[in-house]
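Structure first, commentary second.
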Amino acid sequence: MTHPGAPAVPRSTLVITAHAGDFVWRAGGAIALAASRGEKVTIACLTFGERGESAKAWREGRKLEEIKAIRRDEAERAAATLGAEVRFFDAGDYPLLVTPELTDRLVEVYRDTQPDIVLTHPAEDPYNGDHPAANRMALEARVLAQAIGYPGPGEIIGAPPVFYFEPHQPEMSGFRPEVLLDITEVWETKRQAMECLGAQQHLWDYYTDLAVRRGVQLKRNAGPNLGLAHRTMAEAFMRPYPQIAKELA
Amino acid sequence: MTHPGAPAVPRSTLVITAHAGDFVWRAGGAIALAASRGEKVTIACLTFGERGESAKAWREGRKLEEIKAIRRDEAERAAATLGAEVRFFDAGDYPLLVTPELTDRLVEVYRDTQPDIVLTHPAEDPYNGDHPAANRMALEARVLAQAIGYPGPGEIIGAPPVFYFEPHQPEMSGFRPEVLLDITEVWETKRQAMECLGAQQHLWDYYTDLAVRRGVQLKRNAGPNLGLAHRTMAEAFMRPYPQIAKELA
Amino acid sequence: MTHPGAPAVPRSTLVITAHAGDFVWRAGGAIALAASRGEKVTIACLTFGERGESAKAWREGRKLEEIKAIRRDEAERAAATLGAEVRFFDAGDYPLLVTPELTDRLVEVYRDTQPDIVLTHPAEDPYNGDHPAANRMALEARVLAQAIGYPGPGEIIGAPPVFYFEPHQPEMSGFRPEVLLDITEVWETKRQAMECLGAQQHLWDYYTDLAVRRGVQLKRNAGPNLGLAHRTMAEAFMRPYPQIAKELA
Amino acid sequence: MTHPGAPAVPRSTLVITAHAGDFVWRAGGAIALAASRGEKVTIACLTFGERGESAKAWREGRKLEEIKAIRRDEAERAAATLGAEVRFFDAGDYPLLVTPELTDRLVEVYRDTQPDIVLTHPAEDPYNGDHPAANRMALEARVLAQAIGYPGPGEIIGAPPVFYFEPHQPEMSGFRPEVLLDITEVWETKRQAMECLGAQQHLWDYYTDLAVRRGVQLKRNAGPNLGLAHRTMAEAFMRPYPQIAKELA
Amino acid sequence: MTHPGAPAVPRSTLVITAHAGDFVWRAGGAIALAASRGEKVTIACLTFGERGESAKAWREGRKLEEIKAIRRDEAERAAATLGAEVRFFDAGDYPLLVTPELTDRLVEVYRDTQPDIVLTHPAEDPYNGDHPAANRMALEARVLAQAIGYPGPGEIIGAPPVFYFEPHQPEMSGFRPEVLLDITEVWETKRQAMECLGAQQHLWDYYTDLAVRRGVQLKRNAGPNLGLAHRTMAEAFMRPYPQIAKELA
Amino acid sequence: MTHPGAPAVPRSTLVITAHAGDFVWRAGGAIALAASRGEKVTIACLTFGERGESAKAWREGRKLEEIKAIRRDEAERAAATLGAEVRFFDAGDYPLLVTPELTDRLVEVYRDTQPDIVLTHPAEDPYNGDHPAANRMALEARVLAQAIGYPGPGEIIGAPPVFYFEPHQPEMSGFRPEVLLDITEVWETKRQAMECLGAQQHLWDYYTDLAVRRGVQLKRNAGPNLGLAHRTMAEAFMRPYPQIAKELA
């Protein structure tokens, strides 16, 4: 929704993630969909997942900086495939620490990108403390970026809706699918982006199966007259804030 | 959303309520909005609220049938004001009993109206047991109406999204505003419909204030570039089922 | 709290329980306290607990009517010890069924006793379905008794506060101590009432230990300057409705 | 409650808030009530709300120190109107950081004021992270101040009951009204205190409407024989710890 | 666990389900595992799922009795494949009604089979009201069957642990995997049993994928030194009652 | 469970607690049971509880170092009685601060002890902030210790199951007994270990009563044929992660 006479600025999506691969597995469809509509998508990647999500590279005897370079390269290719820009913060993972400095850097990103929507990790994840840490900073920076009194460059932002993408073990992380997004038309793009992540090949099929299952659920929850594809692929999201609507649907 | 080549059947909204006044206070804006777009709105009113919500009439010494007639008349005028059709079930209130027979009558309404969306009471209300009773039957009938094996006239339905409207004491009823609907443009219509309910004049201002407060909350949760009225009026709803989306917004 | 010029009607407490022994174990202290202040306490005992809570008598080969007579006699002596009146409904236990007829009889009791407070079972108990059944009818009848349109003898009631007493397995029944009542001064009376229940002698010490434990918790949560007894005895309660206060304390 | 022979020390209330205006909007009635009974009320105000809650002043081009001075002055006048003393910590808002040093300063305040009750923000607020931060330090300092082994001046405290006052968006912050306080008799004082906060004039009517709504809820939950004013005004609170009672009411 | 000198009665498992196919999709692995150890497994199948879960047959124009016969036949073959006995109650589905009579029949089954463990549906399922109905009767009958005062043939039972099997949409039904059962060694048997259910062929792969996913989760939650198969297959369960243990593991 | 041909390394239990006495009151039975089976038990004791749990010593005028020495001595004797090794971290209590350094030291302990199971405090405790702080570091270190990329000496660990032991006020800390451990056979050992803690003599009987009560609850939840002692003693635990099982029981 835009002011009647507003200039045609493309919609902006901001994705804030803990590790280099998260945006692909969990939100690659949403990103590709937005990009396919000509929208701008920016991924703020707080760490490379160099310690916590690169077991294969460590077992192969690689060094820290080498691993970070590999992960950066993979992530950049995946982002390009999806049609998004990725910015790396190199804040150090396992553990990713919540600090005012890193939060402040995120405030700058908010003000710079002026997002219409924000995607990030859910608030809980008993299997990976970096995900809740990213969530806390993403939410706090969003509030700070709204305040005219908070110093820093750029214009203040509005209150863009936030979506939590699906964690690896949803039931253990308090995750309930509140929005099921139909990503059928960009599915091939998401699959290609996943295949950029060579170090985690075992997850390609895993997340393909998940998209099928969420697609089945989407159809089970769809109202009448919904022209759905035979094999609908979907991603699930939560909304921590109320939806603003002009119509119930 | 419709099949590409589907004939232009207007969207259908089904509202299932316990008492004659509920649809006005709690969903009058949503109803008026749908009607203003040329959509069909059907209100299934399970009772007249003759025992539990007509204290003034009882104090004036009126009889049961007389009270039901007054409530029916008020509700019909309010529905007409909003642009909706109301059907009375006269199932008896205080208590409204959950029965297979009444549920079966609701299945018929579902199949007859083929709703695109459904509005009803939330599942909890510690101040009025009729509301949860209406909720249970509304939800159960919706599932039964989807089954080809469930007998009765009419075509089976899809899985229309359900919205719970706001109860009188939201925090005590587990109500969290998950959707804030902008009803500013139909506010005058809702106010007129409320004024059809002469027996509950003390609620006119109460629900006007509520709409203001939900409007403030809507603006607090709105993203950027949302061309909102200075005095936005809103109604709040919950979603018991996931939202199906083609786009995150 | 009373109207300034109201006549000195003693306060009235209504206790609604599923089985004959419940009021002693779970609320004997609260009852004795109220009675010790000259207040009226009425216990509505829906069943004798003849099937579900009389294992010893069944093992001794007694018959149903005989068991009911024993339980009635025990409960009457315990109620007299506490200073309360007990009314038996003989509705049949295991299972206690939720019916409109039994609920209606409770409406009459509400209107007859005009309670200032109500005590009953919590809403959940995975070990005994009769307790939630009593809870549902107690709450529903309280709402119906407030409605001038609900037929029956007696005056309508206000909205007396409700307290849930402690179930046998509190953590498994969603029970959180929200009110800790100091029953030290009537402890001996409660112990004597427990000893009227000869068939359940193993519970005498169990509930004495519980009172000690709740007393320790009371002291742990007490503000400064509270002149508490060395060995404080307490009972725990939940409040399903908000407390109305003239002062925070 | 006091020891039978205790000297007549007036009761003490401690209010711990994040920003300069919070105590007025959220607890002004409770403060005025306590003061009207001759009790001592101390407000520990952690920040002036200079960055996060002073948008109007920033838009007018004022400087940080100037804004702090304005907020301090407003808050002092509002506190004086209510009959309370306010102490400023100037800890910096947006974000208010949780630190051991600030917590330690609160321990000193607890030991100095020896509160009989404590008022503070709820544990959750997805719209303002400073409020949960204040909550965490207020609760932690209260526990530390009870320990004889925790160093610092003053006497250790007991375990004063804690009340959470109402946040701006209660349903989104897990807020359930557990205590409804009748503030009718001090309403005019609260309104005058609100009018000291010139920068937030749009909230005067908003919080007046809220008091009306909580008053309606109070009456809906009140037992019989409660001599309530026609237009009852109320404030809502939560209790994170059990209530200690000598009587159920 | 058995009394030291107890005779070697094989362990008994009781499965209570709403519809004819439920035990295969949701608990086929657990059943096959128990049977493979020589234990007795009894399935109490309350309905054939003739109305709610036989859409294909209805679309083919079959009649009610014919559909019931088909479903019975399929279920019997699946049960035989798993090594279990199935008993049909033919209570009528969509809706399955909660009645004292049907509950009483379940009490008889409990006393007849003397189960060491019980498997049934979870308490919530917003997509199918028959599942919660089966849950309620299964739990209530289990409690009644323990009471010596409840009439009927057979010996009273102990308090066998209960396991809820996984619903179709776990996150929407409050389902959290609390027990992950390794069913790798009986996987082929479960697959064969699924293939007995010809009317629901689309679910064969769906539930195979689910078993893979639960197997991945099992490995993610497994302690060290657990000799797991490369492709571990698993089923998930909840425990409504505490686990009784002789050792933490 | 071990690999078929694995060498007979005794099972290892790691207990992480905030204060010197916690492991005795809350998990003494579990520790003694494991030790009695020849298993290795290591207690990581983060502080001596010198400030927050030594009120008696402070009142006697003792100094900080003296108090720490007393607590250390008591804890060592209690650990020896139970058959466990205790390691002190002396991190400072009231408040115990969550830091990356202390978490890192715990990672070393995990890798050194290679635990098969882990015991620690629950995530919530409104009466003592040190307990949640210990919980957070215990859980985070467990995840970090699994990552090959996390630096430090020792081998990475698997994903050992975690058990939360019972807090002092279970209902106020979100504690639900999910596992009831039969400690009858080591009860005398636990009692002796408690009696090593001379400064808290008032808790000896308190925790004896608790073990009786949890034992009653264990029997109430036990299936048939469980050869339980007349006076069963038990400890309660929660599981934050799913149980991995080869059999449902």
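Letters A, B, C, D, E and F mark the chains as written, and numbering starts fresh at 1 in each.
Note that in this section contacts are C-beta pairs under 8 Å (C-beta built on N, C-alpha and C of every residue); 3 or more make two chains touch, one makes a residue touch a chain.
Nothing here was measured: the structure is a model prediction, and the numbers come from that model.
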**OP:** Supply the minimal count of touching-chain steps required to go from chain A to chain E.
**Re:** 1
Original post:
For chain E and chain F, what is the smallest step count along a path of chains that touch one another?
Top reply: 1
**OP:** Could you tell me which chains make contact with chain B and chain D both?
**Re:** A, C
**OP:** Just send me the rotation angle from a CA overlay of chain A on chain F, rounded to the nearest 5 degrees.
**Re:** 120
**OP:** Could you tell me which chain lies farthest from chain C when each chain's centre is the average position of its Cα atoms?
**Re:** A
Subject >> Type of chain C:chain F copy interface by residue overlap (half), same or different >> reply: same
Original post:
Of all the other chains, whose mean CA position lies farthest from chain E?
Top reply: D
Original post:
Per the centroid of Cα atoms for each chain, what is the distance between chain D and chain F, given in Å?
Top reply: 38
Subject >> Centroid spacing, where centroids are CA-atom means, of chain A and chain B in whole angstrom >> reply: 36
Original post:
When the centre of a chain is set as the mean of its C-alpha atoms, what distance in Å lies between chain A and chain C?
Top reply: 53
**OP:** Would you mind listing the residues of chain C that make contact with two or more other chains?
**Re:** 127, 172, 177, 217, 220, 241-242
Original post:
What pairs of chains are touching here?
Top reply: A-B, A-D, A-E, A-F, B-C, B-D, B-E, C-D, C-E, C-F, D-F, E-F
Subject >> Touch list for chain F against partner chain D, complex >> reply: 50-52, 54-55, 58-59, 64, 67, 94-95, 97, 126-129, 172
Original post:
Hey, which residues of chain F end up touching chain E in the complex?
Top reply: 1-4, 6, 13, 30, 33-34, 37, 114, 116-117, 119, 157-161, 163, 177-182, 217-218, 220-227, 236-237, 239, 241-249
**OP:** Spell out the part of chain C that touches chain B in their complex, as residue ranges.
**Re:** 100, 103, 139-140, 143-144, 147-150, 240-242
Subject >> Residues of chain F that touch chain C when the two form their complex >> reply: 127, 168-172, 175-177, 206, 209-210, 212-213, 216-217, 220
